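Lettered A, B, C and D in written order, each chain numbered from 1.
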Amino acid sequence: MSDQSTYQRLAPSRGQKFTQRTLPFIILAAILLAIPMTGPSRTFYTIAHQMGINVVFALSYNMILGKGGLLSFGHAVYFGLGGYLAVHAMGWIEDEVGIWGSIPVFFLPVVGFVGGALAGALIGWPSTRKAGTTFAMISLGVAELIFAAAFMFDSFFGGEQGISGDRMNGIELFGLSMGPIAEVYWFIAFWMFVGILGMWAFTRTPLGKLSEATRDNAQRVQFIGYNPQRVRYMVFIFAGGFAGLAGGMAAVNYEIFTPDALSLIPSGLVLIMAYVGGITYFVGPIFGAILLTYMQSMLSDFTEAWLLYLGVLFIAIVMYAPRGIAGIVFGFIDGIRGSESGIYIKHWALNLLGILLMLIGLIILVEVSVRWSNGYGDIYEPFGMHLSHTNPLTWFLFLVASVAGIALSLFVKKQKEATA
Amino acid sequence: MSTYALSLSGLNKSFGPAQIINDVNLDIEKGERHAIIGPNGAGKSTLFNLISGLYTPTSGSVKLHGEEISGVPPHIINQKGLSRSFQVSNIFTNMTVRENVRCGVLNAMGQGYAWWRNIGSNKAVQERTFEILERCGLVDKAPLPASLLPYADQRALEIAITIAGGADVVLLDEPTAGMSHSETDRAVQLIRTATEGKTLIIVEHDMGVIFDLADRISVLVYGEIIATDTPQNIRGNEKVREAYLGDEALPEEVV
Amino acid sequence: METLVFGLLNGVSYGLLLFMLSSGLTLIFSMMGVLNFAHASFYMLGAYFAFTISGSSSFWVALFIAPVLVGLVGAVVERYGLRKVHPNGHVAELLFTFGLAYLIEEVVKIVYGKTAVDYRIPELLNFSAFQVYGASFPAYRLFIIVIAVGMLIGLWFLLKRTRAGLIIQAALTHPHMVGHLGHNVPLIFMMVFGIGCALAGLAGVMAGNIFVTDPAMAVQMGPIVFVVVVVGGIGSLEGAFVASLVIGLLQNLAVGINASFADIFGFLGLTEMSEVGSINISSLAPVLPFLLLVLILIFRPQGLMGEKEL
Amino acid sequence: MSFKKTAILAAATSAIAMSAANADTIKMAFIDPLSGPFGPSGEAAYTSYLLAAEHINANGGINGDMIEVTGYDNKVNPKESLVQLQKAIDDGARYIMQGNGSSVAAALIDAVDKYNKRNPGDEVLFFNYAAVTPAFTNELCSFWHFRFDAHADMKMAAITDWIKTQDDIKSVYLIGQDYVFGQAVAAAAEGQLTEKRPDIEIVGNELHPLGKVKDFTPYIQKIISSGADAVITGNWGADMQLLTKAAAENGSDVPYLTFYGGSKGAVSSLGENGIGLLHQVTEGITNLEASDEQYALIEEYKERFPDYDYYYHRVWNVMDMFKKAAEEAGSTDPIPVAKALEGLSIEHAYGTATMRAEDHQIQQPLFISVVSDDVKYGVDNIDLGWKLVDNGTIAMDVAEQPTTCEMERPE
């Protein structure tokens, strides 16, 4: 018995396993169950569903980017192809083609998974033989190719119009007619949970670990008896499958798929989601997906220039925080637990203040410019201030905020260097 | 015909006009500890790359336990029981030490490319990982990211990954390069225990290590093996002395 | 016959434009390893700058000033952005330029609006150069050819006949060697990036008025530029030149062909009725460059004339 | 991905907003492109809705309630449109206006049907002001959908009737956008030409990708080398403008018979070359004889939105008919309004418009006009404008087409 206890010394304890692995999922499930009890609005549901889909999509992307080291510019292809297959399946369910009549719409994400995985298996075979920039370029080429080809094969892609379906057909499962938005919630929540759990479990499998090993050092993987191309290929199929799962969720949620779903735009967005969230952490893309979806649907109501803020955020993350939001959050937690937490918090707070000041400067500049450029005579009026482009106060505020923010950041940087 | 653990015959490798390996013939018995020495640029690493499958020979053959392996991809050669280390640390930098070793263990434990099992629930894998870590003195460092290890420990991890798969033919490429004296002693001890009962082929510059470990030594100069013999005989070999003249005055220092 | 002549004429002028645009990226990519995602954004900036300048003075001023401005923007981006990201590797650089492309597009939307601006061909060149088969060939397209050839000669002269050019050439194939020789590599990088962007800007000045100057023009052109660079091969301006012409001709000739798959593969039993059979060759035009890209990457990763694999 | 232009509207109509403080607002959602290649098409219609709403509000609103029009940018993408529809409904809109792109309209009709089925008592209506694929008021007709523009077959009938009188047109080239609408136009042209002028040869039938072609030169050169005597196209937005631009550059000098020659920039990019050649079919043009009020409206629009021209006359028809229906029904709820709209007629500036009850397709006179330099109102801020051609008025009953619609109506 002593033998066993020695090797188990390295494995996490039962308590650690519970707090690090089981507990987060229990909390997630509890949150998902609790949300409808708060009586959310239609708007809330609309955004929450989009978040659920994006969370799964972004996590699937991170299977290849963060865990596999493959930068893809065409991940939406698998989302789209999985989604298309699911929409077609929705049609087959409606028409009761073959055995489809006996399959509930609730399980369409599985069809999406199969579609995405098949597409991954087909396209991944030539493209995963290479990694790095070559892979990135192939993914771009394939994405453009399939997007362009989508307009030629109308029977599958439906041309400009896309393919529509009706989710209120087939067998009802769990008493869900899937019609009203509040019923769709359970569908999205269920599959989001399954998707997160599935992809997390994947990281714990031998293949999941080998994927990380291949990312770190493909050459060495060969000398522990594995073919890195095969590892990449298999991981790619799974990533395609989970992207397809998200596509299947989207198919049921929106009841339509158009060729644009395969284009570079969603592929770029999922890249930004994963990267901004933090690709080195499993939860990173979840943060990113939630933040981006929020920006996409809520921030876009407040400002026309939300994509500009997104671009600034993305570049700032690439330049100053390559571990993303998750890196910032976990870094902060480690920092306040660390031995010099006092200094750490001070630096952190000053930095935050600096960033906020710069952000204020940026917001003033952008919002005033947007309205000036539109020429509708609209004026930016935060907190009752009347900031037009002719008002000196506008430019004064912009200058003060920006300069103070930059100065503060530089000051903190100097201080950090001095203490280090 | 008795099968050698490793047998090279008429091996040639050229890159364009440059002939790097020139008609190398070498047979290594099972269980033998064989060292390859030679001046810088002699082609030692290229030889390793040819044996381990990273390069395909221009001509000639490489046999592992009598089976032809030239032109076979590295991972297949590894599965057939040949493992190698690298001159510069070649580890999985963003994973922990334990995960590094565990990856090395997977294939031998029949895990294949499994995606349906929890890596943590396989007892045999955990035991084996622990055993390797313990043998390489890395147990205390197990939860650290490999990139944060001190240099000597990275070298130890390099060896740990190499032997983790349980290959019976082990190629070590300068395992003690850049180590201090005490670290080197520890490494030699590690190599000795870790390769117990295995066939070992080692490239080293530290002659102390070589003469301490090796049963036989081959001397590689300009891509050719000029001598293969026991350490004693190598020490007295005129051709070897000539080749090393002005490079590293080896035998005297060692004696 | 008419189709062929039209296709050739348009293909060559479009191909040369593509070369003008992608030669800069070939320089940047070969030397710095940066596959600049925002390269087409600089092309867009060129068009917008030219629109602004020609509005307040004239097209001819814009032709000289706009590329210089774009080049300066490029140099600033390299100095204060890319250089900071450089230590984090090529993927980080790629991501940086990817974000930059977003940023430039949004800034353009704010400054110039979300729809196309009315950037026009200068009156002086707005006439028909000659007639073929009843169609007139616009003088401006001829002008594009002249400018592109001029740029080609200028670039050739710069690379082959000047000291800076020799250094750049050396750096194309052996980037790290140049540093060892004691040259100021960061400065060279900044200059090459600036020049590359300026060339893209020049392409924008030339193309913005025959196509459309709108915020989507970068996204539309970007992938094609990648195709040219990758198909041409790393470190090979000749390759980029050939690839540009091939793609220009391919796309223009394809549009002119009035045949469907069924007409060509009819002997295989393909009919107009089937979905594949009814696809027109002309509708294949947008697909062809990417097909070429994927095939090249799989079967000849060093590109048409490159020496290194990607 | 929309930016709601409510703020802009509020600024533009702030005076009215004040007076409307204590009345209810009727929220109307405008879902159309407000950016990209078709942005100008959307903007032109959107600004028309804003002005129309402003006028109704200034005259006391509808049954005392004020109208609020909010723009949602759909980028002519059906999927994005459904996202925006969802958002519009969440924001409280019960009336949806859309026109650009039959692919979008098809998705909206379907989505509105489903929504109304799933959310009884909470219905929404879809006012289609420009998506003219005939199917929407035939086999795909819906109680919740009303079309305020003549559909493709009706417009094509006007064009082919006119061609019937043009003996020198012996061959025709068809070019259009590759989607449901472009296909419908091509089919209508082929069918009606063989019926009315069997001697005319169709020398080309080309579909190009929607909104993606930046240079129509190769297409124009195909047209020129085909030797066609006339070109028929349903292109709109940037696809129309770029087509005329390439036509001018390459010296194509045959009549262009279009649905949407009035798309922003088409006339100016053709310039003088377009005189007597570029034709369009519409429900009204600014240079027709009209009342002083109509002239005042045209001038007010131009003054307010100098980038655009008064083009979307049908937008005023949408709003006027909505107002009249709501007043007749005594309610602004969708179902009573829809029932009142059926069979409703109004007198507008250029004739009578009737909403045919059986398929919800508007019936009205159509006008064929051509680019001319002898006009009261120019377009694109140049001196060229649209002038009625001889015998260019097609009476309502002539333009009328039969329908196959079998509509399901709510209780």
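Convention: contacts are C-beta pairs under 8 Å (C-beta built on N, C-alpha and C of every residue); 3 or more make two chains touch, one makes a residue touch a chain.
Please read these numbers as outputs of a predicted model, since none were measured by experiment.
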| item | value |
| --- | --- |
| Shortest chain-hopping distance from chain A out to chain D | 1 |
| Any chain in contact with chain B as well as chain D | A |
| Maximum centroid distance from chain B, chain identifier (CA atoms) | D |
| Centrality ranking, top chain (CA atoms only) | A |
| Distance from the mean Cα position of chain C to that of chain A, given in whole angstrom | 31 |
| Mean-CA-position distance for chain B and chain A (Å) | 43 |
| Approximate Å spacing (C-alpha centroids) for the pair chain C, chain D | 37 |
| Centre-of-Cα separation between chain C and chain B, whole angstrom | 49 |
| Sequence positions of chain C contacting 2 or more other chains | 109, 283, 286 |
| Shared interface positions of chain B, touching two or more other chains | none |
| Touching two or more other chains - residues of chain A | 151, 374 |
| Pairwise chain contacts, counting only pairs that touch as defined | A-B, A-C, A-D, C-D |
| Chain B partner contacts - residues on chain A that touch it in the complex | 3-4, 6-11, 201-202, 204-210, 212-213, 215-217, 219-228, 230-231, 234, 238, 280 |
| Touching residues on chain A, where the partner in the complex is chain C | 71, 126-127, 129-130, 132-134, 136-138, 140-142, 144-145, 148-149, 151-155, 264, 268, 271-272, 275, 305, 307-308, 310-312, 314-315, 318-319, 322, 366, 369-370, 373-374 |
| Residues on chain C engaged by chain A in the complex (per definition of touch) | 35, 81, 84-85, 88, 90-92, 94-96, 98-100, 102-103, 105-107, 109-113, 219, 223, 226-227, 230, 275, 279, 283-284, 286-287, 290-291, 293-294, 297-298, 301, 309-310 |
| For the chain B and chain A complex, residues of the former touching the latter | 52-54, 73-75, 78-79, 83-84, 86, 90-95, 98-100, 102-104, 106-108, 111-120, 123, 126-127, 129-131, 133-134, 139, 142-143, 161-162, 164-165 |
| Residue ranges of chain C touching chain D (in the complex, touch as defined) | 2-3, 6-7, 10, 14, 109, 114-116, 118, 128, 131, 133-138, 210-212, 214-217, 220, 252, 255-256, 258, 282-283, 286 |
